[in-house]
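Listed after this line are the structures, all set down as structure tokens.
One chain, chain A, appears in both complexes that follow, with chain B as partner in the first and chain C in the second.
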Partner chain A sequence: MSSAAGPPPEDAGQSSAPPGTPPVKSQKQMTKAERREIQERQRAAKAEKAAQNQSKNPGKSSNKPAQTSKESAPAPRKVSKPAEAAPRGAQGAAGQSKDTKTGGEDKPAHTRGLRIFSHFGLPKPTSHKGEVHPAIVRLGLQFSEFKITGANARCIATLTSFKTVIQDYVTPPNNTLSRHLMTYLSPQISYLVNVRPMSVTMGNAIRQLKLDISGTDIDLPEQDAKDALCGKIDTYIRDRIIAADQVIEETAGNKIKDGDAILTYARSSVVEKVLLAAYADGKEFTVTVVDSRPMLEGKKLLKVLSSAGIQCTYLLLPAVGSVITEISMVLVGAHSLHSNGAVFSRAGTALVAMMAKQHSVPVVVCCETYKFSETVQLDSFARNELAPLELFKSFPRNNEEDSSSLGDRPNLQILNPLYDLTPPSSITAVVTEVGVIPPSSISSIPLALGRTIL
Partner chain B sequence: MLCPKVPVNMTVPSAAGILHPAQALKSTSALPATIPEDPSGSLSQDGFDVYASYQRILENEDIATPLAAILALTELIEHSTAGTMFELVKELHDAAEVLKNRTTNSISLNAGTELFIAFVTLFPHESDSFADLKTELVKQGQKYAAEALTYRSKISELALDFIKDDSVILTHSYSRVVMQTLLRAHKQKRISVYVTEARPRGLGVKTYEALTAAGIPCTMVLDSAVAYVMDMVDFILVGSEAVVESGGLINAVGSNQIAIISKAFKKPFYALAESYKFHRLFPLSQYDLPTHTDDILSFPRHAQRLSPVLAARPSVAPSTSSNPVLPRQLAIRRSESSASSSQRAMTPEQILRNPKVDYTMPDLISLVFSDVGILTPEGVSQYLVGMFAG
Partner chain C sequence: MGILPEIQNVANQRIVEVLVSKLRRRQLVGSRQTAIETVLVLRQVVAKARFSNIEQLIQIIKAVGRRLVQAQPKGVYPSPVYSFPVHSIGLLNASAFVSLPYPEHTVGNTVRKVLHHVREEYHAVSRAGPSTQTQKSSFLISKFVSQGQPRKQTLAAPKSEARTTSLRENDPDDPDSFAKGLKPVLMEAIQDVLDELETVYDNVSKSARDHIHSDEIVLTIGHSKTVESFLKAAAHYRNYTVIVAESAPSFGGHEMARSLSSAGISTFLVPDSSIYALMSRVNKCILGAHAILANGGMFAITGSLLAVSAAQAHSTPVVVCAGQFKLTPLWNLYHEYGALDFADPSSVLGFEEGSLVDKVDVVNPYFDYVGPELINVYITNDGDHPPSSVYRLIKESYDDEDHEL
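Let's look at the complex of A and B:
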């Protein structure tokens, strides 16, 4: 349950692994098979320790046990070589420490990753025990194939599916709904987390749902209790997302003036609504959509905006520097907002924001308050997610031969983090449903609203 | 709507011990009303003119714009025939709109009306009848205004600790709270003051005269000489028209450049602001202020080939279009250019194209002294979020 609500827990379940010191001398005396076995275990254990060791002693922690010449060449290039160890760490970090070894050894060469990114957690093959509701299975598939993306869409889809799950739930005899429903929901939640790491919005919404479930009156008839819960879910979606977006639309729309040139990055559902609403209001402005590989979400936004009649320009991230001086405001969405004012958003947002800050262009983030996370994040490494390579090709497929062979090169690894962190210093203002606030005041919002949880 | 209303006794964590203004309104023990006006007799029940009342209250030198707005709204409640809270709040909103539309610079006025309307909507309905509630509201409003008049001395008390003996202070334009602080400091410490002329209103002269009369060594500097004088200055002290949600400052034009220069010279920039000047507004840039209009800083449309200086330049695009406005514009242009060449001063038309206030970014401000405490710009924004959120 805790793994569902919080960040992926640090993998601490490797007690069977031997101590981390590599027994260099004995290795030479062993047979190949024995050495191999020891290495396997060491790698698994070291995968987690790597992050800590790396900062202190990058040469040693790059841990390349198969080579006997390992101390003689502490080149940074090494890091990319142990292709097997990294994914194992990645998968272990994503949740289930017990399954880690078997999962990693089954197909060791398919996923790669730098060890420092190993905790990001790639989507796992969906082998899950326990009872998973068909609605959740379908949702999981949509998540893992990135059919449903975006913090808002994922949160709404999750809550809607949970409504079905709750309606189909029957309290077993000698149990109460308020006590048992959560244990029934937990495997559903962890199933969703397995297919794709949970978004902060989902975490917040599920936390609220848990609170509502535990607060359900024991004496309430089962169907009434279920209806009440579904009603609460509907209220949450309406108040915290739909209505909040409407307020943001209006507030942010007021900041758009005639003749403005708005720049946005990738695609945010809120930003899209703001721009469409402002245009419907009769404001005259142009929009520059900046986009980037591998997801190229901006194309979708571009399609919507241009078909609505807004003058649009489309360019890729490297070209931002050329146009930023012509921009009057940068408008971006967010995945989540941290209490130190940092904005966690689609990878590339930080770059755009910093560039805008450098040119004194105001950076405005549109974000509902339910996206607030009370954690503090200092960089994009502490928590992130990798885009699955199968879905998002990193190279244009102009030449079929090239791209098909790229995936199999042992000394090449492709890294596509999905998010990055924009520091509060590069953000001018955050537009929320409670008003326009500077990033420094974000931490005081929940308190001002009289909420203990977000 | 979305969010629950803030409980009246809500305070912000960063500013512990700060009274919510609304709470301050309630908790104050009865103070002698120092407001000289007795409005009840002067206006008729039905035809109450909120703007006239606002203007009359403003005549009192000590009453700042937001406070005058609050008092005018208080009078409105007194004359209101509203029978429900909804009607009353609507009347207040309408009156606030009237005030806003009839003044050229509505920023600080809005701060006052917003504060008062928030206070009225949050006021607990404990009275027996609505008439009683209105009386209570009026009483509280006047009590607040009376107490608000003591804020300046509170602020000067706070600022006193930051003024060292032998300080050289730069101030801008004229501000009542800065004057009070300087006069207060003069009683205990040796201070000398540079004051900017603060064109176009030239209110720096007023400051200069008042300070000289009080015996404070004072020199007036040109607005364009701020960078020249900055190295001699220990810190900058300015008043404010409004303190906005970003933690920034809206003040007489020129404050922003002083703040920028002080930042470059690494001198502290202190702003003084009574808490009723805190305003829920988030300007993204200078041009995002409600006072900004299209006329400000606009280029004349037919400027080519008019003055000899311009004609000597390579011509841009000869305006030979048959625009009917052209002859009139030409006439104005001619008179302007001849006037400026003879007097070397800006014409009123030219001055009109200039802003009256500007916005100082929060990162240029060291501290904001207020009756609720000494706040950093971040603290101001947290205070404002706590005050109005929900």
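Let's look at the complex of A and C:
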């Protein structure tokens, strides 16, 4: 397979097998020397055969060293370029699998594993900083270090930075703001996407921004146009996020009764607001915060809630089964909503929702309408993001040496998917600013807002 | 507490006390290790015991068993170190959560198993004439259900020829003759139990290659030695991938991942939060058990219930690997969850969190209870069994009167 890190040590006879098939069993038991011998013999045999052929095989065989070095360059990017990997692998299956036999047997693990999860975004090395506004660079840094997390927070931060960018923007001569501003913003946006894959909220907001930009009156003086745009951004934030949150606080707050035991997972800004508002209203309830690695965001929520005076219980995700029987309602937030009613949210939400549903506990998702996405997502693999390993080594009590030695073993990969998809069957209702909606009606949210797109 | 009247032998008492203190101090790690140590202690006790009829021997062994089981109290009582203010959460109404070791059910199980073998040997030896009755066609399903498998008495018949006449219970002239006659047989029986324990991992792994196929993706949680040896055995024949969920807060998954990857199996270490996300790609869920209960359910490490429920939601088969010494004639009637035993809360929310420690309850249970309907098969050293036949295994391995030691 082209994903160069190397292929399974294939036998000559299995040239037609797709890349990634298991090597012959006995290979594992041979010593390294024997395996090398076999590889050498096969390579020699292939070289002969290749010399006879006129197809691309000879080119590949002779350029093997060049090719492997070329392929090793994209190796760090292989996780982000699965599309190329697949067709390359398919075409060159015959030639490739013989060529890239230089890899040892630890490589197959990487290749096979990464094929499954290879489309998950990992942060890529950033480049072309020259064209990028410093505010955006700062934002990118904050994203990559996970200082700003959460769909709402990221969206608001992005829009605020864009306001700065717009104010600093100067239309070049012979250009109109409405046309050129978009091209000016594009590299900024791709810089942010490189740092961390775009969230649905950011995507929706930016789409709205583009619409506003292209709708700018050509006759307006530049400063007025810029001010108008900034005003529109502010309106967007105010209407779709802040005001929406207030409506949700009230609506969801009505669902909380005295004596309730509420369970929430990780940290959702909306749920935090709902709980604080309900408590300020004088309702008596207890909160159970469920938390999980890698991000351990629940601790922040715990601090906020307990300093407000709410009685809290804290536990880690595996222990949910033990407490779920005591819970009266589960309140979670979302990263995005999809047309089929599925909720894309922090990894672990699906487990909590599933357990709750099994014990007949209502699962209520608090989500603003601007998080709606028209795509239909079927499982957690369609789009997801892996957390970078260096940031999340927060093993509370274990030795640091243990955890660091895990990183550089062959055959061992550490994966930290950040999101997962909760199927609509596990959700009871979604509270948005346009009302409390069952998951099956989520696709009608745009209509409820009076527009065909969000 | 230290002096068991039934064991008049001082040496025996000392042996028992050594094991008791080891159990208390958590110096024994692992269910199998505990079981082996228990058998060794019982072997010494039986070797040195003096009894003139079978009842006395059984009382001695039961007393030892009771002592060992009591050495690891299961339950909650106030702990001086962690004093969290507790607000009751329904049934979890203990006064405070303690950091005590969880009870090793294997101690009790081993004692019961030894008792069962002792009784079996005794019956085989003392049955002089009527050992020929078993050839009648009395294999009725009703008898099977109430009595379990027909006992393997005929095998013991040749051994006992020489001894049937010499075994006299409660002989006033020679009180030790009974014991002397019976002991060699008992020693063999106990050795059988020990052999079975020592070969548990190998026997469980025998069927590994039939259960795991090429290019499968297997999910497991935490660190179970039985599952580890099972997966390593399968790795000799198949090439497959394992996803290990580190199970917070004990993080046993790290050790498991390290060990499996050193054995050449391609391993993925993931946090527990992604179990549902990855389950759609997983072909099988292979878990370990702490104890297998009489109804076919099991106690397993926290997080197992999540994994098993997620597997059920995706129709993924759930396989549990456990040795037969984990079969426990206990039920879990009153609690839906296994959370009667709690671990140290500071591994969840440590003291470095400062002010939170006072205001917040922390729950850190050791085990989950997984119901029998969620498990597809138990792979034991004695073969594969569905959860619905666990009751039969218990009937065959233990005697009814031993359920309460």
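The criterion applied here is as follows: the second predicted complex is superposed on the first by the 335 of 454 C-alpha atoms of A that agree within 3 Å, B and C clash if a C-alpha of one lies under 4 Å from a C-alpha of the other, contacts with A are read in each partner's own complex, and residues count from 1 in each chain.
Throughout what follows, contacts are C-beta pairs under 8 Å (C-beta built on N, C-alpha and C of every residue); 3 or more make two chains touch, one makes a residue touch a chain.
These figures come from a predicted structure and were not determined experimentally.
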item: Chain C versus chain B, contacts on chain A by residue; value: C
item: Touched partner set for A:329, first chain B, second chain C, both or neither; value: first
item: Partner chain in contact with A:410 - chain B first, chain C second, else both or neither; value: second
item: Touched partner set for A:441, first chain B, second chain C, both or neither; value: first
item: Chain B versus chain C as contact partner of A:315, first or second or both or neither; value: second
item: Footprint of chain A on chain B - complex, ascending; value: 1-4, 6-7, 10, 12-14, 245-247, 280, 282, 284-285, 287-288, 362, 378, 381-382, 384-386, 388-390
item: Partner chain B, residues of chain A touching it in the complex; value: 239, 243-244, 247, 255, 257, 329, 362, 364, 428-429, 433-438, 440-441, 444-445, 447-450
item: Chain C residues touching chain A - in the complex, by the definition given at the top; value: 87, 89-92, 214-215, 217, 236-239, 241, 246-249, 251, 254, 257-258, 260-262, 264-278, 280-281, 301-303, 305-306, 309-310, 313, 336-339, 346-350, 353, 356, 359-365, 368
item: Residues of chain A defined as touching chain C within the complex; value: 21-23, 25, 28-29, 105, 108-109, 112-113, 116, 261, 286, 288, 292-294, 299, 302-303, 306, 311-323, 325-326, 346-348, 350-351, 354-355, 358, 379-381, 384, 395-398, 402-403, 405-406, 409-417, 419-421
